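Before I ask anything, let me first share the structure, which is written out below as structure tokens.
To keep things simple, chains are lettered A, B, C and D as they appear, and every chain counts its residues starting from 1.
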Amino acid sequence: MKNKEMTVAQVIKQIKNGDTIVIGGWGMVRKPLALIREIAKSDLKDLTVMGLAGMDLDMLVAAGKVKKAITGFVAFEGSEGRAVAYDEARKNGKIEYMELSENMIISGWKAAAERIPFYPTRSGLGTDILKYNPDIKTFKAPYTGEKLVAMPALRADVALIHCNEASPEGYATIKGDKLWDHIIIRAADKVFVSAEKIVPRHELQKDLKDIKVLTPWVTGVVEIPNGARPGTIFPDYTQPGNRTIKAYMDAALDPAKFKAYLEKY
Amino acid sequence: MKNKEMTVAQVIKQIKNGDTIVIGGWGMVRKPLALIREIAKSDLKDLTVMGLAGMDLDMLVAAGKVKKAITGFVAFEGSEGRAVAYDEARKNGKIEYMELSENMIISGWKAAAERIPFYPTRSGLGTDILKYNPDIKTFKAPYTGEKLVAMPALRADVALIHCNEASPEGYATIKGDKLWDHIIIRAADKVFVSAEKIVPRHELQKDLKDIKVLTPWVTGVVEIPNGARPGTIFPDYTQPGNRTIKAYMDAALDPAKFKAYLEKY
Amino acid sequence: MAKETKAATKTKAAVKTTSKKSPEKSSTVELAGDYTVEEQLCCAMAREFGPNDNIALSGVLNWTFVAEALAQKMYGAQLALHHDYSLVGGAGCLTENPRFPFQVGNPPPEYVSAPITSEDIFAMVLGGKWCIMMQPVQVDKYGNCNLALVGNPEKPERYFVGSRGLPDNSTNAVRCYFTVPNHQKRVFVEDVDFRSSAGWGPERKAGDIPYGAVAKVFTNLCVFDIDPKTKQMRLASVNKGVTVDQVLKNTGFKPIIPAGGVPETAVPTKEELRLIREVIDGAGINRLDHGTPEAKKAVFDQINDGTKFQQIYPGRK
Amino acid sequence: MAKETKAATKTKAAVKTTSKKSPEKSSTVELAGDYTVEEQLCCAMAREFGPNDNIALSGVLNWTFVAEALAQKMYGAQLALHHDYSLVGGAGCLTENPRFPFQVGNPPPEYVSAPITSEDIFAMVLGGKWCIMMQPVQVDKYGNCNLALVGNPEKPERYFVGSRGLPDNSTNAVRCYFTVPNHQKRVFVEDVDFRSSAGWGPERKAGDIPYGAVAKVFTNLCVFDIDPKTKQMRLASVNKGVTVDQVLKNTGFKPIIPAGGVPETAVPTKEELRLIREVIDGAGINRLDHGTPEAKKAVFDQINDGTKFQQIYPGRK
């Protein structure tokens, strides 16, 4: 089998200007924040960023990398932080956005994962999500004629997720909630996994039931200890780095301070 | 919490003539065959039986209980047996049938589990499944206009599954492949779980990650040691009872012999 | 047993109560004479669930935790309660017979029945096995709720967190309950700035949304339900010591007032109060959602003082 | 090293071979002089996969097991191989560098990378990360396959097992390969009795089925592919020692014959043969699918004789 180990620089190099990037995790939980900081420091631009978003999206907005955000929510869930950059960008109309519900974005990923153009759901009916996203159609369902939302497939060029351990061959464990990472890796053309630790295949096997990421979905794996900080990953570290998050919030809206923040962390 | 423990007789009593029953497992793997034998012995009739079928369906056909079979396959997979009664019934036009593919029946269950009227899929396109099931429609997908199969939701009145251990409150573990049992329990109005063993809630917790059945889906649990024999359940018993299966095959097409078989096993 | 705090003013029980499942209809049930508004609300919320509710129930406020545990205990309900289990199990969990408090993310294992993933949760939402009690940013007279933002959605004054699971629950769940610990005009508005949940708008009236309708809204002042005729928010009952006028003054829309007058919110029974005070919530977390700072401090002191805590829950760490 | 059996007749290597990725194009590659038809087929099948095939590959015959392992080993492929793991892990698994034989359901743990569930498998089928090599009951000239039944579908002469995953793979998988160890007229028919897989019928020709097309059919006599112009089965090559006439006599439809003549199926290289014989399949399971009873017995004897087995795989139980 091919060895899929990569360096951080090799991963970043595989991302192109204008790419759509889907990011795993949830709020401040199991976000590949080390990789995100590298994107923030890079020359990349005009990205479309999708996710159940927290500091990942907010930091990319602060860095001016985001052309469009596609979200189920934007919250520093599981910490004391707040999405200051996204809030500011939305107030001032600086970015394009597609604000969905949790199940709508998940449904879009599920459709992409099965390579079907849409997913039928009731989620969103009767809400202003449809009003502000006129591209999302409703349709009459076959057989019953019920009105349903046809949630369009949300496919990405690149998926980034963070796991506990990975093997060089491209298997990885998720010991807590897999959240929707098992879906988004199927909804992207290239998938990069950062892991707290790269271990030989046979060591990964001690947690057989935690192997949630299978190699056919994976393009590359990169070892980044503490790669989800200042967010959390169970069981490695489960308390958010609220001091670092506060430092980020204090810096995010000031380019000079934000640069200093990125250099420090 | 309510205690959901039941006797076998109480479970059988909850099934009505004409009910649609979906059965968990796969071929000869983790089929609730003890419950199936009780249905075979009962006065129930005109059942529609759904599943990735093996001896479960075949035995109910042999017992004359089946009005219609809805299947992804019919095979004594994982044993030396063969579906003699189903073969005979099909040859002689004795039952109604809806013979699908694996993913088509699964898609029908997925739709039912999410209470949507259909599931969009490419499975079945270009095959004779659509020719012999004219009720299954194709449609033009929103956005792309692609032709897809609109697999109708396959909802059941009753789901029967077999698990390793269950708690009186209605949680249950599946230690091997959960197969599609986590979907079919969501696609049925009443769900009965037979388990090798009923254990107190806190004992179930030693296998936290194997708890695949959650109490909101469950109507009743019943302890039946060896409840999947002559099929298998990992890790309790993983070798099929080929002698018993042969005895079944020898008896299935002869009412007197079949009665004797049911009395013996 | 929990001490009453200053925030919890005591009054005599009113006789007239509302609730489909009012336990006081039984001749053997004794009504409580002495109870707080928080306790009254916990009981009113708990009575929304019956023994046939074979579902998982998810709340976000301390109030709702206590109400859910009371429903599970009192009515022999098949309710499974949803809590965060992220620090211990890395996911959510379903709990049974919890006793409060516990740190968010960390319920003691003896209460935990099974860890559940996000995928399990949405399976229950979409399959009609899920019920929420949650706190919105705005509620309007059609029962629409907003969780997303304040102001013009295209250039909001403030972006909160987005609509999250509200569009999903309000179209798929068994039913939705909303709780507002601080009833004010800026929460109860004529029209929400953004419809995060599907209330009784034209789509539901047209029959397009068969599931997830808002059933009731519980506030520190009153209980709203939906008027069957107009499908608008109706003032179902006022909490003890609260007048109808007080509710109207703090509500930005005109709720439907029942022709026969507005009754008082259901009065707790002695057994309900015993369960809350002695079994479920000895530490009094039900007073944390809208009490005064002093009242909250009293609760926290009780929790953080090891000796007092051991008196409430002997043996628990 | 495996002994040749009687069933495996030896001939000299033909010079002309087919295969997009023929290793013999490299000047340093040595062709084998001495090989069996089974080995030839294993190599031809293996060459269907390249280093960019980041997929899982699932076979059902011993032939295909060996071919898959050879592809994984030889071409540095990112292929993950699918095996049954039900006796050890209760599910399927993805394996790496397997050495045969092992009991079905029970691959030695050192070959196993991860257990996979049915749900994982269908995720890979629907997501375009899955490729099958399987044995049908009938194949017709449009590449349609039948796995369901024989005779009139409404009153069949015999019901087999149903269409299983064929309708799913032939519309969703990366591509499909079929293998027929016993090439006969009753397998290769003008029209299959039941289209379990979507071959090149009107639906695929119309562009309605973008995925899962049949790529090749490997038999004990020959290799078929699909003629780009007519979209019908074409006789791509004949196995060593087999004539075109022999194929036609055993085929119930008239395959397309390439204008330039039918070449011989690709000749193995020495390195391929070394890997098969010394590394992957020392026991010779590739001879189990269509060998004579005596040939099969020779293989089983070798596997079941502890001493011989230890010579093949020192240290394995």
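Methods note: a contact is a pair of C-beta atoms (placed from the backbone, for glycine too) under 8 Å apart; a residue touches a chain by one contact, two chains touch by 3 or more.
Quantities reported herein were computed from a predicted structural model and do not represent experimental measurements.
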Chain whose mean Cα position lies farthest from subunit D: C
Subunit A and subunit C: spacing of chain centres that average the CA atoms, whole Å: 32
Separation of mean Cα positions, subunit D and subunit C [Å, integer]: 61
Geometric centre distance via CA averages, subunit B-subunit A, whole Å: 37
Per-residue overlap in subunit C, given as positions that touch at least 2 other chains: 89, 126, 172, 211
Multi-chain contact residues (two or more partners), subunit B: 114, 121-122, 146, 209
Chain contact topology (line, ring, star, complete or other): other
All pairs of touching chains, each written as two labels joined by a dash: A-B, A-C, A-D, B-C, B-D
Footprint of subunit D on subunit A - complex, ascending: 1-2, 4, 113-115, 167, 169-171, 182, 186, 201-202, 204-205, 208-209, 211, 214-219
Residues of subunit B that touch subunit A when the two form their complex: 114, 116-122, 137, 139, 141-144, 146, 148, 150, 152, 209-210
Residue ranges of subunit C in contact with subunit B within the complex: 51, 54-56, 72, 76-80, 89, 94, 96-97, 109-110, 112-116, 120, 123-124, 126-130, 172, 211
Complex contacts: residues of subunit C adjacent to subunit A: 86-87, 89-92, 105, 117-119, 122, 125-126, 148-149, 153-159, 161-168, 170-172, 194-199, 201, 203-204, 208-209, 211
Parts of subunit A lying in touch with subunit C, wherever the complex brings them together: 26, 29, 71-75, 78, 83, 86-87, 90-93, 99-104, 106, 121-129, 131-132, 146-147, 175-180, 232, 234-235, 238
